[in-house]
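Below is one structure; the comments refer to it alone.
Each chain carries a letter (A, B, C and D) given by its place in the written order, and its residues are counted from 1.
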Amino acid sequence: MSGYFNPRHLKRAALLLALTLALLIPATAFAVPGSGEFIAHYTENGREMTGLYNMVAKICLAVLIIVEVVLFAAIIKFRRRSDDERPLQNHGNLVLEIGWTSAAALAQIWIGVATINVMFATEVIPDDIDMTVEAVAYQWDWQFVYPDHGGLVHGDLVVPANTNIKLEVTSRDVIHSIFVPDLGIKMDAVPGRFNYWWFRADGPVNQVRVDEFATVERPEREYVTTRPDFMQTRDDATNKTISGLEQRVTYLGRSRTVEEVSPYANYSAIEYQGTCTELCGLGHWDMYFRAVVMTPSSFRQWVFDMQNAVTEANGPDVFAARCATCHGESGQGQGEQFPSLVGAARVVEEGQKDSHIQLVLQGQGVMPAFGQILNDAEVTAVVNHERLSWGNAGGEVTDEDVARVRESLGLPPFPAGGVEPTPTPDLIAAGERIYESCVSCHGRDGQGPDYIPSLVNNSKVNGDVAALAELLIKGADSDQWPGEKSPVARSMTDFQLASLLTYLRGSFGNESDPVQPGDIERIRRDIN
Amino acid sequence: MASQNASLAADSMIGEESLGVTNGKLGMWAFLVMDAMTFAGLLAGYARLRWTPGSDWPLPIEAFGFTGIQLTALNTFILICSSVSMVHVLAEQMRGNMERAKKWMLFTIFGGLVFLGIQGFEWTHLIMDMWPYLFDEGYEAAYSVNFAATFFILTGFHGMHVSVGVIYNVIIYLGLRSGKITKDDTSVVEIAGLYWHFVDLVWILVFTFVYLI
Amino acid sequence: MASHDATSDPNEGWGWGFDFLYSQYMWVWLALLILTLVEVVIPEPEIIGLSFQFSRPFVVISLISLALVKTWMVAWYYMHLIAERPSIILIACAPFLFSLFLTIGIFPWNGG
Amino acid sequence: MEIKAKGYLSPLTEEAKTSLWVYLKEWACTTDAKRIGIMYLLFATFMAIWGGILSVIIRLELAQHGPDLIMDASFYNALPGMHATAMIFFFIIPAFTGVANFVVPIQIGAPDMAFPKLNNAAFWILPPAAILTFAGFFMNSLPEFGWTAYPPLSNSVYSPIWGADFWVIGLILVGVSSTLGAVNFLATVFNMRCKGMKLFQLPLFTWAMTVTSFLILAATPVLTSALLMLTFERMFPGVFYFFNPAGGGDPILYQHLFWFYSHPAVYIMILPGFGMVSEVIQVFSRKHIFGYVLMVWSMIAIAVLGFLVWAHHMFATGIALEIRVGFMFLTMLIAVPTGIKIFSWLATMWGGSIKFDTPMLFATAFLGMFTIGGLSGVVVAAVPVDIQLHDTYYVVAHIHYVLVAGSLMTAFAGVYFWFPKFTGRFYNELLGKVHFWLTAIFINVTFFIQHWLGMKGMPRRYYDYDPSFELANLISSVGSVVLFLAQFIFIANMIWSWRNGKVAEDNAWKDGFTLEWQITSPPDHHNFHHEPYWKPLIRQHVGPDQPGGLWHRYDD
């Protein structure tokens, strides 16, 4: 051994440093700060899985460090110093070999047992399922069916918070896979079978802190995650304190542009990104959807809104979302599989109208059937768009044509189920509960002390709904009511306010018309 | 040439370091392992398709009817006879009775051909009479279409093996007749025999699973 | 012991003589035929005039075991595994083992 | 033109000495395992460049958010599958087969393989298979279902294209080629060992090839049967519905059959590498392998267990909980024999006299980096974690740490190690070291960040992605381009050194102890001039003052 400052040694040290950089830095990043971690934080099950990952990763990291340290020690200590060196031979060491075999086996059994605990905790579907959602995949989008809510069909997964949700996942054509990373949802959608997954999402964590009206103190949730990320992708949903939509999705692929104002901005909700993870053809990368978790009351409101919604079908939009992936943005088609629509006989000939509609409804070969994806108005709009764009002049079809073809093919109407207003007794029951917080002033019978206006036969209560709602939403400081009328309805959902008003207008001898949540939504829109 | 030297050397090197068989025999066994796994894949697929709940699978006994099973039992009998005659080819060759060996070989080939003929008849009958939906969209399948599909792929793949085996045996027969295969070349006949017996062995399994169970 | 040794003297090399072998082949043949007949009768006893039906589990289990016995007989006697070293027997058993893994893994337990 | 070459490279006939054409014909029709091995390696190199180009196109497209390089999503969708097919079936497996063709017969002291003509046939099945597999590129009908080809996406309804049929048939042909090769290896190893070489005296590379051949033999036909069923379903729609639920078929069945092959295929792709690394580490550490018997048994255990774990690729398909528990435990068990191997290599190096030439550098880096791939395998073995990571970039990172940091690096170690034997000349050490450092560093740059992408939820096989993943994808893309370009250093080194390298002695590394180092470099046509014999090595524990195989300590 010559001196330590031999330039050859320096060169070797530099090489070793390079080796260290090449191997050890990414290696240690494997499971320590900087590697990133699961983002499945916003369901109970997701946190269990994240915890399991952290545990397994730590064991693996320990093994990795041992291996790398021994490797580097061997590299440094036993490199050849002279050409005639002859090391001592040994051909094995029984104790050592048995030792590491059993150590490896023990570590694996440890990991295995921990994993099984998590599996049974997260994957066995509990008996107390509160709600079922069917997730139906098709090329290339998702459809979520709500059998508990009159067969409501929607393009986003919208669920109430703190509710046990069972997902029934299936597919109409090829294998897809539903994936919502933040909620820890992943299940293959296999045609011909239902796969099940369940979850209980946290929902908007700070829903009670409405501006200055913070009334209930809730402890901050302890998250299993502690490791900082070296690169942040999205904002952490736990850090937000605003009301309304806490976190919104900023990217939804090409076929869905993210609106300036999210369609869920009116609800107390939180949005996550959902995707497809099983290669399913051309638009595989373009199957984004929103997973929206709402407070239960917002969810009721949303269901009501959806049931009363009238969608206006916009041909170009439907075409861009459903057809452009294959047929091209201007109908030019792609190769032999996806024919051009420009000048195609079916699209331009007057006599082929029905066959055009039939093709859209039933599909053919690679083309999916849209009969259970688009409603009649949308089919009409998209067919007319195809027949009248890009130089085509095929003559228009009407909703009646579509309905007639649908019936002649024996296809069920879409969407299934009807649009029902919320029954008045439900509203009164809900309103009565909400009125409990008004009792201290207005009294149980609507007649409080002298300085509080009576609600019985009150002209405001029985008069214009819009004015009444505005009063409750904005509050008032007027001559008639000195002092301040609290803006009690500011933090209420449409459903809550509608039920409160219905209760007021139907009790204490009042006999005015009930108020539907949809009315409140319109009033709110007018106010803002 | 290298190959000649290599094969000569290979034959001379059989000793305590080898498995005690010729390269050819070992190679044939390895090939049969591979072939067996191909059939295993098909049979395992058959098992899954058949026993998946709600598969609407008919009982083969009823679906094929009496004639199907009995005809196929006869076919099985023919294949087993053909197999035992193959054993006799080898036995006679080892005794040096080349004329008898040739006769047995002919019988073996004949057995294979009869098997193929009966199977061809059966297929025609099934396609034309039992499962008209295969080629005519006007008909509906009475039970799971996979019943016919797995039947065709299993018996068809086996039938392909029988055909290859018949050709193989014909080549051996021509070798015996022309005298290129002498009484010393037992390993050539033995290897052909291995293949032929394997075809028989697989048929026993296919017959059991597809027709009987 | 192995076949190539038999080239010098046809009556040696198999270990037990040809007459015995000859008869053994035929006994195996007979056994195979009888087992085939039994196999045909088990699912459909009416063939020989029996009026009862065997229970389904019995049919399945007995047919599979009979088929395995038959394949074993073909492999053991006709394919001369009886005369081979254990290593060849091991090679021959390998696909059986692996296809067992495959079938068990693929079988639709719990409805697939 | 006169052909001047030594050893097995020299022309066999007088005619071929003067005519390049005849010489090439001689190569094409050769039955010499060494020449076939070299042809395998050349073929594998071409396919590696081809697969590399595909991967670089993929990475360039993903470098930035939004479509930029490829405007056509359908072309992009075909690329990952084509890349995987090229790399797995036409690069890694043939490359290992090539090295083994050259080395295995010599290591066991045989003049050639057991079936030389079959060997040639097995090789010549590959080029037409490659043409069929990639025929879609010439016909503008690329199969867009990835290398897994899950039906129903791959059936005639959703992929009604000829390219897909050719792809399936091409894969069946590759399967036939590799099974024929495996039959050959098994017969060679079991039957053609030289005097004195018992099974448990075999060099570890030969052992690895034996176990690999067994895996190929038992696993590949199952893929063939699945592809046969798929072909029939594609050819006769309306009659065959094996995998199509529209006719009572079961898409999951295909996945079972496919993974029954494709999981053992992972070991087919890594076990020969294990063998090569074992040889390299022994020679460059001047020490015999630590725990030879356990090394062999752990390889056998990996092979057998490898058949029992296939469903861990399907945890998210909805198979029953109990079945998943079973498959998970077996999967985790595989980490035990793999761990044994890693520790045994470390113990072999420990106390040795290690010389860091390029092969040893690759072997060492393999040890360090393959461990990452192995351990991320343990992470994804845990079912709930796997379900979340399934089909995300984490899995991409995992397989590339196993296949690039594993198979590719070991293949480099092997080729550098045996290059003096292949050609009779040394490669250029400086170029080799540059190649090593660029490769080792940029493998990490390319693939490490993909773990993170996967955990953040970026799915695989995406034509375009959430803009928030852009930076990480850019890093990965830059890494992949440099990694790809660095491989041309290797090719240049090989070509240059073949003619101009330093002439190598018979025992090029001086410490080689297996039979290939006892004959000329390059070997003659029949390898051995005299019938070789193998003096049994001492495999038991050796005390400090006892003689120990070839390298006992002189005096200290």
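In the analysis below, a residue touches a chain if its C-beta (ideal position, glycine included) is under 8 Å from a C-beta of that chain, and two chains touch if they have at least 3 such contacts.
These figures come from a predicted structure and were not determined experimentally.
Asks: Whose Cα centre is nearest the centre of all Cα atoms in view?
Replies: It is chain D that sits nearest the middle.
Asks: Busiest chain-chain interface by contact pairs, anyone?
Replies: A-D
Asks: Please compute the C-alpha centroid of chain A, do the same for chain C, then give the distance between them in whole Å.
Replies: Centre separation, chain A to chain C: 58 Å.
Asks: Averaging over Cα atoms per chain, report the distance between chain A and chain D in Å.
Replies: About 41 Å, centre to centre.
Asks: Per the centroid of Cα atoms for each chain, what is the distance between chain B and chain D, given in Å?
Replies: 34
Asks: Residue numbers in chain C touching 2 or more other chains?
Replies: 87, 94-95, 98, 102, 106, 111-112
Asks: At least two partner chains per residue is the criterion; list those residues in chain D.
Replies: In chain D, 190, 218, 222, 250, 252-253, 256-257, 260 touch at least two other chains.
Asks: Which residues does chain B have that touch at least 2 chains other than itself?
Replies: 14, 19, 21-22, 26, 30, 33, 36-37, 39-41, 44-45, 48, 52 - these are the residues of chain B that touch more than one other chain.
Asks: Which residues of chain D touch chain C in their complex?
Replies: Checking each residue of chain D against chain C gives 190, 214, 218, 222, 250, 252-253, 256-257, 260, 307-308, 310-311, 319-320, 322-323.
Asks: What residues on chain D touch chain B, complex-wise?
Replies: Counting only chain D, the residues touching chain B are 12, 30-32, 110-118, 179, 182-184, 186-187, 190-198, 217-226, 228-229, 232, 238-242, 247-250, 253, 256-257, 260, 525-526.
Asks: Give every residue of chain D touching chain A within the complex, in rising order.
Replies: That would be residues 72-74, 77, 140-141, 144-146, 148, 150, 152-153, 157-158, 160-161, 245-246, 250-252, 285-294, 316-318, 321, 324-325, 328-329, 332-333, 335-336, 339-340, 342-344, 346-347, 349-356, 364-365, 367-369, 371-372, 375-376, 378-379, 381-385, 387-388, 390-392, 437, 440-441, 444, 448, 451-452, 455-457, 459-469, 471-472, 538-542, 544, 548-549, 551-554 of chain D.
Asks: Which residues, counting only chain B, touch chain D once they are in their complex?
Replies: Where chain B meets chain D, its residues are 1-3, 5-7, 9-10, 13-15, 17-19, 21-23, 26-27, 30-31, 33-42, 44-45, 48-49, 52, 55-56, 134, 137, 144-146, 148-150, 152-153, 157.
Asks: Could you please specify the touching residues of chain B with respect to chain C in the complex?
Replies: It comes out as residues 11, 14, 19-22, 25-26, 29-30, 32-33, 36-37, 39-41, 43-45, 47-48, 51-53, 61, 66, 69-70, 73, 76-77, 80-81, 83-84, 86-88, 91, 94-96, 183-184, 186-187, 190, 193-194, 197-198, 200-201, 204-205, 207-209, 212-213.
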